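After this come two complexes, each holding subunit A, first together with subunit B and then together with subunit C.
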Partner chain A sequence: MKRISLFLAALLVAGCSAGSTASAPRDPNAITIGFSAEPANFDFTRTDGTAIPQALLYNVYEGLVKLDENGQVKPLLAESWRVSPDRLSYEFSLRANASFSNGSPFTADNVKFSIERVKTTWGISQKSKMDVVSRVEVLAPTKVRVTLSRPSNNWLFDMTTRVGAMFSPDGVADLPNNPVGTGPYDVAARNRGSSITLKANPRYWGPKPAYETVYLRYFKDSTALNNALLSNGIDVVSAVAAPDSMPQFENDTRFNVTQGITNGEVVLSFNGRKAPLNDVRVRRALTQGIDRRVLLDTAWAGRGELIGSMVPRTDPWYTDLTGVNAYNPENAKKLLAEAGQQNLNLRLRIPNLPYAVTSAQVVKSELNKIGVGVSIEPLDFPAVWLKSVFTEHDFDMSIIQHVEPRDITTFGNTKYYWGYDSPKVRRLLAEGDRGSPEQQVTAMREVAATLADDAAACWLFLFPNLIAAKKKVGGLPLNQISEAFDLTILRRAGS
Partner chain B sequence: MTVQILRRALIFVVSALVASVAVFGLLAVLPGDPAQVALGVSATPELLAKTRQEFGIDRPLATQYFEWIGGVFSGDFGNSYVTREPIGPQLVDRLGVTMWLVGAGMLVALLIALPAGVFAAVRHRRASGSVISGLSQLGVAVPGFVAAIILVQVFAVQLRWLPAGGWTPPIVDPLDFLSGLLLPALSLGLVQGAVLTRYVRSSVIDVLREDYLRTARAKGLTPYRALLRHGLRNASVPVVTVLGLQLATLLIGAVVIERVFVIPGLGSMLLDAVSNRDLLTVQGIVLVLVLAVLLVNFVVDVLYTVLNPRLRQAS
Partner chain C sequence: MTLAVRRSSSPSLWVGLGLVGLVVVTALASFLWTPHDPTLVDAAQRLRGPGTDYVFGTDKFGRDLFSQVMVGARTTLFVGVVAVGVAALIGTPLGVFAAMAPKWLGEFVMRVNDLVLAFPALLLAIVFGAVFGADTLTAMIAIGIASVPSFARIARSGALGVMSTEYVLAARSAGRSRTAIAVRHVLPNIAGLVIVQSSVSFAIAVLSEAALSFLGFGTRPPTPSWGRMLQESQELLAVEPRLALVPGVAIAIAVLGFNLLGDGLRDRYDPRLEVRR
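What follows is the complex of A and B.
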């Protein structure tokens, strides 16, 4: 009996060691932000997914450059850089006063170490973004030259993502638990299953962040996340997951709401590997058969933007392509007849995520109107969807949000799950990557237009960035287009 | 009595082993590749193969099972596929949180059921008794998560008296701890309390009809005093059984309640692990849950023998 009670005591004490997360702090220097996806650990060099960079990038880790909310590449640890005329080498001038949270100074050696480490040690597939780097030379403590094996505009852009994060050789021993970066914040505590506490890094080279302490709290359930703000448990909902819950914040004088855009293209993908979806007429017919305005209004309460191709409006090569293969059910029927596909039945295999489930209903009813039968099969996400649709290509159509920045390049990868294969698109993508920034814009515009005309996929809508926050919080990002939830731009309202 | 307890203990051990095989087997046939999920959408075949090897999921199932169960005996539940950290310490941490929740839920259930059940039994021929009985019927029909959603809407979102969710350990701030525990414990306990009320009521009614109680009344004791002095121990035998069963229900109910109230207990750990295909973690949690239920049943069986001398003689 005594032993049992000892065991019970141990358990109860264990229950005590998980940290406090119940209510928003009363400390005016602290802010609590609610998120939905929790990082499994702090090591984005070995664990994939968006949750870790969302919490750590720009906040704990910094790169040479960062992406602002308008899609511009801006200096961060690099004060400036020069590109050689052949576009093969980049010479960065680094900040002299930056240091890591463990006290080590940030120098050109760290740049060499970090970039080479991506190529040698990283365990996620994003590491391939560094394949193009052939050499990193330390020219001086604050000067570093990176030489590429071929000109690549994407490389500098990719440096704004997690692969560009700067590490210190004496700070990588325990990345899953103890991240060491140069950023304005340092991880102070983590309570698995509920929260992460960030504290301002006293050694930070840049301006002091507006909030000394930031609690990142995680809610798997979107209603619980909303309720936490409504009941004063948190200060910010980083992304309102259910658009129909926006009015309850809009109609409450305690809150500010913002609606911007993200990188997340909600795509109705076609399996181009097999008939009949390898027939451009069928793809065009399906695209023209869906009224995307109606779909957005029905499936996502009209919040979001219509896009005609794989380009959000924050990319430099954005043009309005919603007119290409626009809604035209009569023509869709004609195209199907031409292709000899009047009795088409397709399997729409979707992840069991809210936007996919609601969108699938509208897609089904719209396509039924042009005589196409659709059977919806929701699959457990991520496990089953990844295996079945993404890896084994067992689908006719699917709906998923593609969240990676500038993921239009996936249409150049013939092995990608939708099996789109166009030599023209591949050539243009390569030209865009190689050329000057102006040539890049021209080439990428053509890629986007080709994809739209080819109905390579049907772009249902661009996912909105919906934020609800207490009135006291200012500086909220309108758009969420980088991998990071950038805490450095937060302000106190009125300051 | 010792023989009977030993026999029960043997049954407990055998069931636990069978359960471990079942848990392992069922999860092995689950669709979805843990390596694929860990690596994400852009994994290459080479990386996948390497990760599978790292996780040890490329080996025969029997090898995997024996290695796992061997580790469990020494308290080593293996390393999580997702966090790549030992599962054991996390399990203990989360189990601690869940036990607070289940304990508090049980307390709420008992605080409701004992007085309400006895009252309804003593007055079972009067209107007030029937009202309690009817209310408990209603309580049985409401699932715990519905109660949770209603409680959150009223007390957290509308009135803002209590937090809508979250967890504060008692050591950090006892007041926050209690206010955070109240709504989840009520959600769990109200329904169980309603169920238990019905058992207490019928069990007490049975006792009330016994001769010895009539004798006690004849000595001049009030109904409540007679029940207290002579009836409760007898009435408690069936109630303890139900209590044991309910503890199991509470553990399972806590899985949903933890998700609604964002409490970092075993349940939310389980749901996260399932969606991440963190199979080793799922295996560990399910095994712990199964063991807990088996253990409760074992304890109930033993208590039975202690409470009821007739069962002792029967052996």
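What follows is the complex of A and C.
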């Protein structure tokens, strides 16, 4: 029965159109931005994935705090906050002049409503980020106190993500189609399979955004997305997914190109639940058998950064761990011999996404050199990969980009798809969350170092943030480390 | 022009045979020798232009294009054999059965056949790939199934013609079984038609594999396939057009070869053409 429904779903997907082709409207107050993943609806409280918060967070919805492009937590709907000495309660002073796009004023009651709603009504796994909240008290219309059940450094950071978005009780009736937030933009139109139109919210409490109208256009194919910019169809490519094509923008005087970093660690994951990958010697051998510089240079045109663990440069506990289990094919062969795995054959089951398919071919070629056989199996993404690899754990190795901020904590979850189980890492993660911010940095550094030494996974590279845009667009974000594509920082070049 | 002269000098046949022969020889040679390992990633040789070391240059992984084209020829022939095999082995008996069965049953079989014909072959292959996993064999079985109706139609029309001949009537009145008549009289007489259809279907299968690999539903990486070479060249089209040109020309040669061979064989075997002459 499952197979039949999958069959029907595949038929439906195959019948959908490939993306938008029309050219950008010529309104000087409008900007058109091209993306690759389209939101299925507007309700990120019940639908997983990054496409919805990418379009709506900070633009339509706002939280008390936001994450800037350097990884710092900054005030947004909260003007300021005070943390109690025991670090259990946070008292926020709210902006008095903020209101929702449906006209309701934004008050402390909305904060209580929104936080409690995450715990009662949200349907995605990220709702557990609010488990640590024990009480929300309204002290005054612009004062609210949040009490935690234990000190948590992660909580305020998590408030910068979608779980921190503020809702109004009279604006949640039809979230999939009609989002109501306090942000600078409001959803004006949606053309399924093609585009979303955002219009400036006239009631917005903050500075007016540089562009009155923003068209978000969606393209399934990276080449089509690039061509849309080359042929004047859009003004910005939000993320160039074909890095070898960057020279065509760099060598063209019409465009600006930026290259920064993202949160996306491209990980060669090992299934630690079963032999032989539950043997640390085998995991170290595989990691040492892959020259990650060669992989980055060939698979992603050398754009991106090498990381030795699950930490991007923008996290406070970043240290360079690329020297741990560094490329050493001779030692890798020795380790395999020690483990009695000279005739190893592994299934590399990957999503059929460009970065995974190209990286897999380099991984196979590199591992063949140390005598490990690899068979690459591309799976339809997301449906088949999520079901087979992520849920049913039917794989030896996989390659996927982990995009959530500070997702190093997933190594503390023994049920996660890679089945990594280390009491030491779990203890350090808990200590880091509970301790002072300084203690957190120390603990998290140790987590990262332990994971690298344990070869819990092989971190291939950190995905680059490649943006190509017309010269008239300024203020492009260098780094993309939050869940949102923040439209409020865009400006007109020269202004 | 006499029939004999026309038969022996059909240029389509010879040019087609030459091009197909080139593909077959290349594929066979690749089992014995290729200039480089076609799947070995070598960052130092990335995107090299054509030269003495690398006849067609290298791709973005530093792999030799010429070696990939050689091994890709194997994939091309394999897909053709599988797809045509599936289509001919199911379609031909089905068509003969439809011709020999009672009229209502024959009509029923052919209408079901029309239903399959109405379903786009590539879409069927993509669905198979999504459900059973992307793979050359899966994709080609799907393409083969989608090609069954064309074989069934050809076989049925040929068989109907044979069924009305005097020697079949004689065999029937002598009490020979339907199966015996089908095997002894019908199949040998429609073999020419099926061979012609096979060469045309072969060309279609080669194109389908290229299209499916281009879409990511065909041959698994890193097994060389002309379609996937084309796909990988896509993002470099503006920078390195050579990467698209090489597999593109290879596909064109193979498809042209099989089509010309089909034309040439039809000139030889199609009974309708002989009657006109």
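The rule we apply is simple: the second predicted complex is superposed on the first by the 474 of 495 C-alpha atoms of A that agree within 3 Å, B and C clash if a C-alpha of one lies under 4 Å from a C-alpha of the other, contacts with A are read in each partner's own complex, and residues count from 1 in each chain.
Note that a contact is a pair of C-beta atoms (placed from the backbone, for glycine too) under 8 Å apart; a residue touches a chain by one contact, two chains touch by 3 or more.
Quick caveat: nothing in here was measured; it's all calculated off a predicted structure.
J.: Applying the document's definition of touch, where does A:391 land relative to subunit B and subunit C: first, second, both, or neither?
T.: A:391: touches subunit B, not subunit C.
J.: So in the superposed three-chain picture, is A:362 touching just subunit B, just subunit C, both, or none of them (first/second/both/neither)?
T.: After superposing on A, A:362 lies in contact with subunit C but is clear of subunit B.
J.: With both complexes superposed on chain A, which partner does A:377 reach: first (subunit B), second (subunit C), both or neither?
T.: second
J.: Answer with first, second, both or neither: which of subunit B and subunit C does A:173 touch in the superposed model?
T.: Neither: A:173 stays clear of subunit B and subunit C.
J.: Which partner does A:244 reach: the first (subunit B), the second (subunit C), both, or neither?
T.: A:244 contacts subunit C only, not subunit B.
J.: With both structures fitted on chain A, tell me whether subunit B or subunit C touches more of subunit A's residues.
T.: Of subunit B and subunit C, the partner in contact with more residues of subunit A is B.
J.: Would you sort A:49 into first (subunit B), second (subunit C), both or neither based on which partner it touches?
T.: It touches subunit B, and subunit C stays clear.
J.: Give one of first, second, both or neither to describe whether A:301 is in contact with subunit B, with subunit C, with both, or with none.
T.: It touches subunit C, and subunit B stays clear.
J.: According to the stated criteria, A:125 is in contact with first (subunit B), second (subunit C), both, or neither; which is it?
T.: In the superposed model, A:125 contacts subunit B only, not subunit C.
J.: Subunit A residues touched by both subunit B and subunit C?
T.: 10-11, 13-14, 223, 380, 383-384
J.: Note which residues of subunit C are touching subunit A in the complex, please.
T.: Touch residues, subunit C against subunit A: 39-41, 43, 46, 60-62, 123, 126-127, 129-131, 133-134, 216, 220-222, 232, 234-239.
J.: With touch defined as at the start, can you tell me which subunit B residues reach subunit A in the complex?
T.: Within the complex, subunit B contacts subunit A at residues 31-33, 36-44, 47, 51, 80, 82-85, 90, 92-97, 99-100, 149, 152, 156-157, 160, 162-173, 176-177, 179-180, 259-265, 268-269, 271-272, 275-277.
J.: Show which residues of subunit A lie in contact with subunit C when the two form their complex.
T.: Residue list for subunit A touching subunit C: 3, 6-7, 10-11, 13-14, 222-223, 226, 242, 244-245, 247-248, 293-294, 297-299, 301, 352, 357-358, 360-362, 364-366, 368, 375-380, 383-384.
J.: Inside the complex, what are the residues of subunit A that reach subunit B?
T.: 8, 10-23, 38, 40-41, 46-49, 123-126, 176-177, 191-194, 217-221, 223-224, 227-228, 230-233, 380-384, 386-388, 390-391
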